[in-house]
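Two complexes, one shared chain (subunit A), two partners (subunit B, subunit C).
Moving on, here comes the complex of A and B:
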């Protein structure tokens, strides 16, 4: 839905600085939350020592706040005695690495293909558009499951699996903005000045994609993180020694009645992050699609 | 408007209206001969430019006049091959003894900017809003492989020549920070950057207020004298034409109605359409009613009336005008008119 909003975007970014600054303190909340997560993902592993393959059977299924041999397990321990707080912190790192990598790959590929298709039209456009149609007809997560199932395990496998279908949104957005921007007078003017086609595309069209692409990238980041958790929950993609929220949630399934904290805390961590990124993305989308006079 | 390989349809039509006309006062730099542009929009196909011929002499200014939709801009933009998708052209556009209509794409890119510069109607739309103006003016220079330092110095010089005060202060400014007149000067600096011999100016003053218009026209006239530039001026404004143009070409519904020396054509029209245009210009000093407002709407080039396209609006129309298309003929030395009753047109 948000992608559809972006498709209608005016390609010209706001040249005047936005004069009306809304004074709503709550507006900053999603950004603060994302910041805390990022900080945890970057600094957390340096502060908390955690080995995902070291188990402590005597300390299994301890409730939140229990004392363990290494300190206090604030969020409890799982079925093999691993600290839940550490899992969440390490899991945040995994989520961000995969999410950012997927968005990076999808954004690069999608913008390149979409801009070329929209600018050159003709055969290239037909090829890219049909490819988009085919991929859109396929549920993205199903495609990711199939690819992860075929390729085996590894972080790169997850990134590839999620990128195969993820670039489509970027391509559609870039294609439509390129098609409207190329009709602008300054593109004609550049052409009349004898500027080559590649230079016209990169200098006079692609910069106008930036705002909308960033807004879409934010939304895609949330869905990539969610999709990674889903794959891990199904036991696909990531090897067992990489900590992931999806894995932690899956591990706690059998103990839901006795040790709820194994599933609930990673679940809450995932939910809050995805919602916050989604809110930030919606705001960016509104900003870049705002109707001007 | 997009670039498309222009397939050349078979050059039909009589040579009478085309080649060999227009004795250019300067050495002929550009000759457009029997130009036709066929556009297809959906299922409708129309010959929007139908056998247009005119020339621009070295160091001279030719004006294209006409109402909106008369094909003046499209005729001018055909020269640098800036036409809508799917446009088919025929005829000849001879630029320095080469036909640009069948020139290879590489040659067209050389001509663009370097030999023929273009000034657009709306400078705000024609400047990239997210690039500083200096970068845009210097684009063609960098493309030519000029060193960064030299480009900077040359851009400052060009901005100065286009009459922009304090070029050093303005070189890094964005188009929206400038006034309309300054923006148009930036466009002019851009057009001058490639040191062209011909400048196509498409309604260069239409988006400007009257005093700025006068200054821009003065600048264009000065540049013409100093640099010996030839100019193809597209405008619907007869007053602008009277001041600037040496020759005028009056267009109606994609055809040339009349052609000749500017002052003579505007003062003693030899085509009822030119007369109507001239009479429609309200005088500023006297409060006279517009003498003969032109009746009816401009002819649609996709559905041109039979015979003379102007006959439904023409006060002199006779039966012959409805059936027979008038060819452009020399009615007086140097004066060409496409009217059956050219000699009867009262001033």
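Moving on, here comes the complex of A and C:
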């Protein structure tokens, strides 16, 4: 699922519509999975004790299910004796914090710029559109690599790096919906009744963005989480004491032959989460996408 | 057509200017002075000052910016302190490997994606369609860099069929190219599926069938041609992201291309190489997008690349 799917509405009429009322128990699965991850991210760290800088040399590279001094390492331990399950739980927290922050920043900036450009037209539209053109022409992950690599380390650096190119999708979507909504009768009516421009925009146009923006935000959350993992995998952005799935995957590469669990489990955790968010986003997109120009 | 090309070229130049300026700004924000980093911790204050002077770092920021823009226009990015020769030369040396990798990945994505798209789109709503669609959704969501490592684990370490890292032989190309192609295979599959599914219901397909053509020639002669157009559009637009993905995948497989060079240059603060690589990648993306537009106009006579009236 990409921005393109949201912008160019699905041309095939939804033939399944009448039968959709039928209960599909599997449909809830992605939401349940996302819920479990969120719970793990929020309360997991309260239940599991994990110190990213504490090392236990006698307990290094233990396979899944081994006994350690602090209990059973269900998913094994890494090269310095840290528990993998705890790393995955703490990594979920990092992924959500960064993903939600990036989507929050991008959504706010993108919707504001897109709606303003689409509503005001003229110079502001030209400026925003050229900015979109520029950022569209350059791969976002590359921009993030350069920014995160050069600016040093920290969570805020990663959030900035991923947000610089990430707002474009929101801006494009908001601009195109605003441009078609502003031609509608109720907007004319508001103008005739003397409603001010800012009030027209916020009360009569922006509410119509909500559905599509939420659908896009879901998809962008998945890509932000993936991009954060890729950055951490390359060793850019996050400081070493922040646990991240990408970093765990990178740490395990040296021990692939002897201790596959260090690389495999964080990757599975990442994949399942991203697929679930993608499925949820797909469904939201199908619900909110209408044919528009 | 001319108006359109001029407009796209102007946007292209604007993009390069934007990228160049962004990199300049980010580098100025970077913690640590370039000269100090380049000389290492043992350098004396005089040495650092001398290097700052020869790099022009002691001049006002705006002067630095404009002289830098002038250098970029002349494709002169200065010396790479790491490689001890012009940065552009170091970057161009790595360029062919990246082109080989991305081209191979594109071909794989097109073949595999179209195959999946045809399988799914022929009978929309069928079991096969749903199975393929679920599979492509999975392909789109898996983190490619992790799949790459899994490939190394299975094909290089377990079965010892393929080399795990490096470049030089066709065998080295297989794993990175397949890994890089994964998200694009999914993309091509999704787009061609919806195009084919839509075309299957069109009147001209019915006409072709009622003429007594086999299902095969209906597909190849009538359906595929029409549903290829959106594939070309999207693939053209996504080629930039393919290059972005290559940066990560090259690092996974130690593929000796532009991407792994860029990542290590970012780590080493070799700013000359970072700038040269960035500009080259931006240039590539712009040329690729433009080419895709032109190919599209050739494929679909309804698209006219003209001035809006």
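As a working rule, the second predicted complex is superposed on the first by the 273 of 293 C-alpha atoms of A that agree within 3 Å, B and C clash if a C-alpha of one lies under 4 Å from a C-alpha of the other, contacts with A are read in each partner's own complex, and residues count from 1 in each chain.
Throughout what follows, a contact is a pair of C-beta atoms (placed from the backbone, for glycine too) under 8 Å apart; a residue touches a chain by one contact, two chains touch by 3 or more.
Because the structure is a prediction, the values reported are computed rather than measured.
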Fit or clash between subunit C and subunit B when superposed on subunit A: fit
Which superposed partner A:184 touches (first subunit B, second subunit C, both, neither): first
Touching partner for A:71 - first (subunit B), second (subunit C), both, neither: neither
Which superposed partner A:279 touches (first subunit B, second subunit C, both, neither): second
Subunit B versus subunit C as contact partner of A:35, first or second or both or neither: neither
Contacts of A:208 with subunit B and subunit C, given as first, second, both or neither: first
Which partner reaches more residues of subunit A (counting touched residues only), subunit B or subunit C: C
Subunit B and subunit C, minimum CA distance [Å, superposed model]: 5
Footprint overlap on subunit A, where subunit B in one structure and subunit C in the other make contact: 12, 15-16
Residues of subunit B touching subunit A in the complex: 1-3, 80, 82, 109-114, 117-118, 120, 122, 125-131, 139-140, 143, 174, 176, 187, 190, 193-194
In the complex with subunit A, residue positions of subunit C that touch it: 11-12, 14-15, 18-19, 22-23, 26-27, 29-31, 124-125, 137-138, 140-143, 145-146, 149-150, 152-153, 157, 187, 190, 194, 197-198, 234, 237, 240-241, 243-245, 247-248, 251, 262-263, 266-267, 269, 271, 274, 278, 281-282, 285-286, 289
Subunit A - residues contacting subunit C, complex: 1-2, 4-5, 10-12, 15-16, 130-131, 133-135, 137-143, 145-147, 149-152, 164, 222, 226, 229-230, 233-236, 249, 253, 256-257, 260, 263-264, 267, 270-271, 274-275, 278-279, 282
Complex contacts: residues of subunit A adjacent to subunit B: 12-13, 15-16, 182-186, 188-196, 199, 203-204, 207-208
